[in-house]
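Sharing a structure with you now.
For clarity, chains are labelled A, B, C and D in written order, and residue numbers in each chain start from 1.
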Amino acid sequence: MDKNKKRELIVKRIAKELKDGDIVNLGIGMPTMVANYVNEGKEIIFQSENGFVGLGPRPEKGQEDSDLTNAGGQPVTIIPGGAFFDSATSFAIIRGGHVDVTVLGALQVDEKGNLANWMIPGKLVPGMGGAMDLTVGAKKVIIAMEHTSKKGDPKILKKCTLPLTAKEEVDLIVTEMGVIEVTDKGLVLKEINPAFTVEEVQKKTEAELIIPDDLKEMVVD
Amino acid sequence: MDKNKKRELIVKRIAKELKDGDIVNLGIGMPTMVANYVNEGKEIIFQSENGFVGLGPRPEKGQEDSDLTNAGGQPVTIIPGGAFFDSATSFAIIRGGHVDVTVLGALQVDEKGNLANWMIPGKLVPGMGGAMDLTVGAKKVIIAMEHTSKKGDPKILKKCTLPLTAKEEVDLIVTEMGVIEVTDKGLVLKEINPAFTVEEVQKKTEAELIIPDDLKEMVVD
Amino acid sequence: MDKIVSLEKALEKIKDGMTIMIGGFLGVGTPEKLIDGMIEKGVKDLTIIANDTAFPEVGVGKLVVNKMVKHVQTSHIGTNPETGRQMNAGETEVELIPQGTLAERIRCGGAGLGGFLTPTGIGTIVEEGKRKIKIRDKEYLLELPLKADVALIKAHKADKKGNLVYRKSARNFNPIMAMAADLVIAEAQEIVEVGEIDPDEVMTPGIFVDMIVRGDK
Amino acid sequence: MDKIVSLEKALEKIKDGMTIMIGGFLGVGTPEKLIDGMIEKGVKDLTIIANDTAFPEVGVGKLVVNKMVKHVQTSHIGTNPETGRQMNAGETEVELIPQGTLAERIRCGGAGLGGFLTPTGIGTIVEEGKRKIKIRDKEYLLELPLKADVALIKAHKADKKGNLVYRKSARNFNPIMAMAADLVIAEAQEIVEVGEIDPDEVMTPGIFVDMIVRGDK
């Protein structure tokens, strides 16, 4: 699978996870793409941590408004019924549990649901932005990432080695290989991409996967 | 002096204390009257803890707006350039030191600047409302009260006996007998109503008054 | 998902023993229709969180007079003698909280914070039972968040998604309470179509509002 | 008391070594005219409090590129490689703060609170050097208020008393910073007469604003 196909699969699968009426915050990068695949029948309200709910699609060329961007600085729109607020209110919303789902990228996730996605010491220190608050505050934390690093190393570990973004907050990990739930007992492979075998997925995963009897196929439209 | 004359003297003297540009919160009752005596040349902005700045005079009869009252529930107006906000913001303003002066009534004040004005145990427990926040938060706390109780007992004490509203926060006490400043050394009689002698004022005051060499007359227009 | 419901439907959600936040300041900004509905329905043993208990015939005061309140967390009861009488008679538990602390505790509940440090109440009986924390040589009280089962909100205008606009000093506690309860019911004097309220003018985003009841103009 | 001043007059107040809060999110809602004025004036050793350091040619980023910043308290520097370079070279001290914590610390400073408890950062390096407090079996970090000498604010509209209205996502950190600094300078794209902004639509009351500079439309 090429990179784009992988990403499309991941974000399409995550889009299925969103329920009608959910308030959702999408991280920068791949997570942002989830918005493109929400089923027409569902009304999802997207929150943008720079200060609004009702994040809409990118405007047509020439229609950009320099006072209206997403948290990545890209021009966006606001849907009718949206609302603007200041940053303290934005994070009151996020930290206060008023966001149902956040979708974030990851450098590493581990079997306890620990997440590392904001720095590589001595190499890359962009800062955590709103990720720590989102991870702690959102009711459900979904990780959207490719199953392994560019070098092919596992990113789903027994224990994260990079500085954490948050402790034991991840609920679900979606990669091109499958859908993994973080439970008290460990990581459960709920769905598998039929292009892979269970053994192949386990081989690319450092943490031990629990394989349930009702393991399903990872299906997207 | 009859009660009304006393009160008029007190609030007129306090009005002189307010400086051009001051943000002022007036307590319920006598303090509210201060607004009527502000010198025309001064621009004072009144804050109302129920959620606005720019508190204006009572509307004309028939012009009352049921959505616009002061913190005592009386119909008021808002001046051009005023602004409404919620209660958390209102008290962020008060507690945050953005109010220059608050004028409050008192049951008791003492030589340390302690104030009691919110309850008489077993008798009257209206609640503190915003008084505790105002006393702690305003840059300057001025007490407007008659010098003695209805029975003629001193209200300016060595030590308050009623439950406190705030500890060591009072800056100035204005009564019909004079103007008293709370200092590290004790209570200083800065001005005296020429209708009384220093001995008479001290007799009606439990705490010891420091009489400065430059004791002035309490003058109002 | 139509949020506009009948008064009856909204009242179904309000049950005996619940903790209910009610917006308003001496009755200004209080949803009177919801209050009257609660009285008619006859719920009891309520814990009420409100700035004050208004007047015997106004707002929260009516709930007190009708003996529906077991416990009240408020900053002021002086305008409603019945609250004081019930308190002295041991019929209703009254917890007096400085107004700024009350507002901040509600905001804190909605904002997912564990508490905050305030100088208000230091050296007074408000200290009792609370932790004191010193920061840079200044003492503060550690105050904890407040949350509720239901918040009853009075709005001037609502759109059909629940975006709210308040009017003048009727705003007061409404916006913060709308963020601090599991279920938020707004009584709106006017209901407009989605898109009619400018997103810059929304005071409470619709994501907080579960039900909208049409109020009296 | 006319609050409208020239850019020069406003810049007189900004001195070497000051702590300055600057509104904006990746440059959106940042007062660029004030920033450019600071660069021209050439102040240095600043401590900047801002959500991010934007881009090398935008907003706060320009101050970094011009080496005017000694210390920055921010949530994100990833969009401005020069900030990272100066950090790694030990030229600029960078203190990374979770965005929600940063916003709340600024609000806390303006609101006269001594601190607040947040779950954000528990179990991460953000914990380092901070007190942990347990409330009802849950751990929180005690975070302290932030204040500044000057706040530089970008408003869409100001009246002559300094009442401000922001536009769309350019609001962000501006309203809370306007409450947390000793001196508040607002750069407004439009200045209107007193009374032209409805008191219900004011986002920052004029009592917080000391100076207004006319910005570019």
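The rule is short, and it goes like this: contacts are C-beta pairs under 8 Å (C-beta built on N, C-alpha and C of every residue); 3 or more make two chains touch, one makes a residue touch a chain.
Keep in mind that this is a model prediction, so the values were computed, not measured.
Traced through touching neighbours, the fewest hops from subunit A to subunit B number 2. Across the two candidate interfaces, B-D and A-D, the one carrying more C-beta contacts is A-D. Between the Cα centres of subunit B and subunit D there is a gap of 35 Å. Look at where the CA atoms of subunit B average out and do the same for subunit C: the two points lie 29 Å apart.
A separation of 32 Å divides the Cα centre of subunit C from that of subunit D. Taken residue by residue, subunit B touches two or more other chains at 52, 78, 84-85, 91, 94-95, 136-137, whereas all remaining positions touch fewer. Each of the following residues of subunit C touches two or more other chains: 104, 107, 111-113, 118-119, 166-168, 171, 199-200.
Taken as a contact graph, with one node per protein chain and an edge wherever two chains touch, the assembly fits none of the named shapes, being neither a line, a ring, a star nor a complete graph. Each chain pair that touches appears in this list: A-C, A-D, B-C, B-D, C-D.
The part of subunit D that touches subunit B in the complex is made up of residues 1, 107, 109-113, 159-161, 163, 179, 194-195, 199-200, 202, 205-208. Partner subunit D is touched in their complex by these residues of subunit A: 48-52, 65-69, 71-73, 78, 84-88, 90-91, 94-95, 114, 125-133, 136-137, 163-168. Listed in rising order, the residues of subunit A touching subunit C in the complex are 20-21, 23, 43, 45, 47, 52-54, 78, 80-85, 91-98, 136-137. Of all residues in subunit D, only 104, 108, 111-119, 133, 135, 138, 140, 142, 144, 165-168, 171, 199-201 touch subunit C in the complex they form.
The part of subunit D that touches subunit A in the complex is made up of residues 25-29, 51-52, 74-79, 84, 87, 94, 96, 98-101, 103-104, 106-107, 118-126, 156, 166-176, 203.
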